[in-house]
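Letters A, B, C, D, E, F, G, H, I and J mark the chains in the order given here, with residues in each chain numbered from 1 onward.
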Amino acid sequence: MNRLDVTEAIFAIKKEKELSWEGIAEAIGMSTVWTTSACLGMNSCPSGAATKLVEFLGLPEEATRVLMEYPTKEWDKSVPQDPLIYRLYEVVGVYGDTLKEVIQEKFGDGIMSAIDFSMEVDKEENPKGDRVILTLNGKFLPYKAW
Amino acid sequence: MNRLDVTEAIFAIKKEKELSWEGIAEAIGMSTVWTTSACLGMNSCPSGAATKLVEFLGLPEEATRVLMEYPTKEWDKSVPQDPLIYRLYEVVGVYGDTLKEVIQEKFGDGIMSAIDFSMEVDKEENPKGDRVILTLNGKFLPYKAW
Amino acid sequence: MNRLDVTEAIFAIKKEKELSWEGIAEAIGMSTVWTTSACLGMNSCPSGAATKLVEFLGLPEEATRVLMEYPTKEWDKSVPQDPLIYRLYEVVGVYGDTLKEVIQEKFGDGIMSAIDFSMEVDKEENPKGDRVILTLNGKFLPYKAW
Amino acid sequence: MNRLDVTEAIFAIKKEKELSWEGIAEAIGMSTVWTTSACLGMNSCPSGAATKLVEFLGLPEEATRVLMEYPTKEWDKSVPQDPLIYRLYEVVGVYGDTLKEVIQEKFGDGIMSAIDFSMEVDKEENPKGDRVILTLNGKFLPYKAW
Amino acid sequence: MNRLDVTEAIFAIKKEKELSWEGIAEAIGMSTVWTTSACLGMNSCPSGAATKLVEFLGLPEEATRVLMEYPTKEWDKSVPQDPLIYRLYEVVGVYGDTLKEVIQEKFGDGIMSAIDFSMEVDKEENPKGDRVILTLNGKFLPYKAW
Amino acid sequence: MNRLDVTEAIFAIKKEKELSWEGIAEAIGMSTVWTTSACLGMNSCPSGAATKLVEFLGLPEEATRVLMEYPTKEWDKSVPQDPLIYRLYEVVGVYGDTLKEVIQEKFGDGIMSAIDFSMEVDKEENPKGDRVILTLNGKFLPYKAW
Amino acid sequence: MNRLDVTEAIFAIKKEKELSWEGIAEAIGMSTVWTTSACLGMNSCPSGAATKLVEFLGLPEEATRVLMEYPTKEWDKSVPQDPLIYRLYEVVGVYGDTLKEVIQEKFGDGIMSAIDFSMEVDKEENPKGDRVILTLNGKFLPYKAW
Amino acid sequence: MNRLDVTEAIFAIKKEKELSWEGIAEAIGMSTVWTTSACLGMNSCPSGAATKLVEFLGLPEEATRVLMEYPTKEWDKSVPQDPLIYRLYEVVGVYGDTLKEVIQEKFGDGIMSAIDFSMEVDKEENPKGDRVILTLNGKFLPYKAW
Amino acid sequence: MNRLDVTEAIFAIKKEKELSWEGIAEAIGMSTVWTTSACLGMNSCPSGAATKLVEFLGLPEEATRVLMEYPTKEWDKSVPQDPLIYRLYEVVGVYGDTLKEVIQEKFGDGIMSAIDFSMEVDKEENPKGDRVILTLNGKFLPYKAW
Amino acid sequence: MNRLDVTEAIFAIKKEKELSWEGIAEAIGMSTVWTTSACLGMNSCPSGAATKLVEFLGLPEEATRVLMEYPTKEWDKSVPQDPLIYRLYEVVGVYGDTLKEVIQEKFGDGIMSAIDFSMEVDKEENPKGDRVILTLNGKFLPYKAW
């Protein structure tokens, strides 16, 4: 079994058992976003999470080690096309310089880590149309002089 | 005066008077991220905000109309290079499919609007290193069949 | 069965039964453009349409759920090459700035949604050569300040 | 005076006299979309329209000949970035194959001309949000065998 | 059978029977360039030509319908590499602006159609080295104002 | 004076004296396409043609030497955008493989030279719409084995 | 004075006074690589280093503040061309996957920071040809699960 | 057996026997980075190393010759995406000009060879977070005049 | 058998019989570079060479005709990555304008043919390190005016 | 004076004094190709050559130091377009893999240096058309294992 096999197996089981990403996440005691990304093969599982995932979904034993492998994180389209993903890319394009100004004003010269990082998706119900609340939480890393 | 002139004038005044984006935003009663993006020329100002901005910064009268113009929102590098901005691009690359799964599980088939949209930057103090909290808030737009 | 299988099955049946997209659309009570895009896998079917489509075409039962899945909307060539599609791209290139001027003059700062959106193709008979009438209908989304 | 000078002169006069594209179009008896594109330098004016445009706006005499020149129609970004224009590009990407199916079903093997072509923008008022109606009208050109 | 199968079958038969494109074209009463492009899958055959082609080459019956399908005209390399094809691309690059000047001087503002179009290849014997004569024949399409 | 200066001077004189490319070509005894390309700076003039061109147009003396310089032949857009030029690119894309088959069938393994090369533009009057006749004439260059 | 002015001033002074990067670095008590990058405008100076640099080089007072600004770190060629820089790019291409294997074997799943990072260049004299020793020193950042 | 087969066999054995790259390298008496790159197929093995590798890992006999073949060194993404590899690319982008200045100041006009080259990865333990030490060692190659 | 099959067969036989390109070339009485390129499928064999090659290597009879086919000459990476090939590309980049100056000074306005062309690789033994001597020999083709 | 100024000054003087690259090269006792590349700013001059060049051409004193600066070697088009330069690129594309086979067969695993490198252009007179002889001479650099 390789990563792709495991991801496909997860999708098949999820469809068959009519599970949700949220339900899977809850079952293994991790967040929904992280759990989904681990299932899609974009994050490695710590051994505890891997074991629980295999157990909960009824994946073959050998999937545990595969889930723990360190993935190569790559994506297909350097400018994404699916409208949901493109809108996020557009936000980075339109607001990139703005975020640089605001973050560096608040924190000094440095960046927001994409490694020591977490993210959540929430739903805000709203009579004019529900709203997606996306929260990115990354450690500030100051540039160092040497 | 065109957009670029106004942006440069704002940067010059901001430097001279040692203002912060946060201070400017407060003075005109808008959020920091939006105010910064309007000053960088990536959002048009409603007439009230334009007037206040001109007044507070001491910009020439004609800047008001320029600030109210509808900008062409474009960026230079289709894959950004500045590390602060690249990390956001990387998040979209690494987590794009994950966010599609999670958002569409929560909301149905559709996208998060980048137009009916707001964003905030917060600072979470933390002994292990402060953290940048980035909150994106966009209206969910369902696809329609016809 | 995955999306591709369903699309191929539809093409095969359409060929065999000598159906037209217009006929299929009529049978399921939806528009021709939308129905075609759903069959090509670029839109998800609401459950009613999926059921009718499966029934009308005699697709296997499991196709219903596949037709209801939320597709990843991607295309192969970032600059299209087939002449019919390229001409549409050319129209966007040649008239893009013009449309920005005209739409924003009529509606204010904002965009035409490509999500809350429909499109029709009509034929105008004309002795000098028939004409294709393409009508795009999208909700205007104003930018918001915050 | 070259094309760019004329376009800039038109923008300056339009701003100063607070004219609209619609108003200019009406004054010269042409459609709004075409008039705007001619002013932006993406279409050549027939001599009558050029004369009227120069007169109505009070442009220098020599602008007439410039407006009649045959423009080189080029655009800067092969994948557009401004959200209003990108959404149109996205429509071509998402619906390109669909339109090929539907147009060729209705008309036979061929394309919609982007040369023998016109386009209109209309506003449909709607309590849930006004809608942009974009109508493209192009002659069908059948492929020929020889 | 799909397009590719038919094209491969034609190549196999052509090789086996030692036919030439010119011979095939003659047999079906069409030009060599068009016949070749139809066999390569870049043009659809009118029903008469399809029938004759199937008959003359001894292709399976079902190839007739495939040859009549409307092809998606795409190519692999946006800048071609094979030297024979690159030289043609180079001619377009080197002489593109020249042809725009000359054609529009002779015909007015407009283009040469690539749809209502034919092309021939001839051989001019010459003691210093034979010459390839390539003749492109396309309808002039004037831009229209509206 | 450099190439660009000379080209601009030619355009200015041509406009002022209301000359045509055809007229200029005739005056110097060369073809229209070649003369235009030399004026646009994409071909070097033999000394006779340079002298006649300078004389006929009344260009400054030093232009003679500039017209005789060997130009760097480059173009801006690797995929052209102006519709007139794009259509030629499209022809190369759609018919490239076809031309390779047909030319190599007639001549053997080799290419059509783009250096030992000439081209003409003709107008074929036609009640259904005049036609552009483009004739490319290039020496066949066989590949050599060694 | 902006960044570019300061960088140019530094180059001019360095040339005139025949200084070396190493000498400048020593004078301000920082490393050679970092000092050079700060002078080239790719790193911001802490206030102490900025003051010393201005003093040592005799730059105008206002350069201090410019040197302390947070730079936008961008480069021109996404694939570098200068042979010295290309060789480094080639090393990343050839050994990228190898480094991923070796670093993650030694440290676990994570990356080497390019922010909490320093670099030195040393010269190893060698009779067969001196050798460049490049030492990169970056904090290991483990991915976190959440 | 081709390169890919050998690489896959090595990964499978390494996983099964729970070997590390460091252990494999030690067993054959070569460095870890080089050994890993040879196993990944990016360097050819001298015959001694190939023999030892085959023996130590228990690879089939014929793998020896494959390991000795001269590889084609290519990579998939001209701008890498995996964060670990991208950070190295970013270092080249941000510090490329700096390294050119510093290396050429120390050595004269020339480059650091990527062929007569070695590299090591070390771990520096650090209470604030361990550090990756990457050492590149390349022969300086001076440009020659001729 | 197609081109790829023949190339693979040649590589397999060459490996098995421990032949060299030089030995194969000698056996068929052609140069090493040309023979190698014909075996790699980048040149067509004249019938004599094809027959000898098939005989010498013991290829199946039908390979003769395949070796005589006219190849489509394409390459995968528009900017090559393998260091040996990249260095040649770098030479073209660094010395391209220089070669244009020198060749056109010696020969007049024109180019070096890549079709009526041959190339040799020689080895110059040298105590400081052997040297590769690459000789390109192409017919000069003058531009013609018409 | 910077590089560009010096290059332009050299071109102006060369034109005025009707010098050739060959003549300049002879005067300073270096080869034609290298001298031309140094004048175009793609190679740095050793101090002797710089002094002689300044003297021979009558360049201002300060040009000496500029000619000795280490240039950044970059080119504009990653795929060249001028036909003379493109043909060289095409040779690299068509024969790249062939040269890799032949060079590595003769020398072992390694590359031809583009740094320890020289090149000559010769003219071979030939009644069928003169021939350009391009000789590249680069040190072979073997890969090293470590």
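Note that contacts are C-beta pairs under 8 Å (C-beta built on N, C-alpha and C of every residue); 3 or more make two chains touch, one makes a residue touch a chain.
According to UniProt, the chain labels map to these proteins: A, B, C, D, E, F, G, H, I, J = Cyanate hydratase.
Keep in mind that what you see is a predicted model, and the values were worked out from it rather than measured.
Each step here moves to a touching chain, and the least such steps from chain E (Cyanate hydratase) to chain J (Cyanate hydratase) number 1. Touching chain F (Cyanate hydratase) and chain I (Cyanate hydratase) at once are the following chains: E, J.
Because chain G (Cyanate hydratase) and chain I (Cyanate hydratase) share one sequence, their contact can be compared position by position; here over half of the interface residue numbers appear on both sides. Relative to chain G (Cyanate hydratase), the most remote chain by averaged C-alpha coordinates is E. Note: Cα superposition of chain H (Cyanate hydratase) onto chain J (Cyanate hydratase), rotation of 180 degrees, nearest 5.
Chain B (Cyanate hydratase) and chain E (Cyanate hydratase) have CA centres that are 51 Å apart. Distance between chain centres (mean CA atoms), chain B (Cyanate hydratase) to chain C (Cyanate hydratase): 32 Å. Per-chain CA centroids place chain B (Cyanate hydratase) at a distance of 42 Å from chain H (Cyanate hydratase).
Centroids built from CA atoms put chain E (Cyanate hydratase) at 49 Å from chain A (Cyanate hydratase). Among all residues of chain D (Cyanate hydratase), those that touch two or more other chains are 72-75, 78-79, 81-83, 90, 93-94, 97, 100, 104, 110-111, 113-117, 141.
Chain pairs that touch one another, listed by label: A-B, A-C, A-D, A-G, A-H, B-C, B-D, B-G, B-H, C-D, C-E, C-F, D-E, D-F, E-F, E-I, E-J, F-I, F-J, G-H, G-I, G-J, H-I, H-J, I-J. If you check the complex, the residues on chain G (Cyanate hydratase) that touch chain B (Cyanate hydratase) are 65, 72-75, 78, 114-115. Against chain A (Cyanate hydratase), the residues of chain D (Cyanate hydratase) that register as touching in their complex are 79, 81, 83, 86, 90, 93-94. On the side of chain E (Cyanate hydratase), the complex with chain D (Cyanate hydratase) involves touching residues 30-31, 34, 38, 43-46, 49, 70, 72, 100, 104, 108-111, 113, 115-118, 141-146.
For chain J (Cyanate hydratase) in complex with chain F (Cyanate hydratase), the touching residues are 15, 77, 79, 81-83. Here chain A (Cyanate hydratase) touches chain B (Cyanate hydratase) in the complex through residues 20-22, 32-33, 36-37, 40, 42, 73-75, 78-80, 82-85, 87-107, 110-114, 116-117, 119, 121, 123-124, 126, 128-141, going by the rule given at the top.
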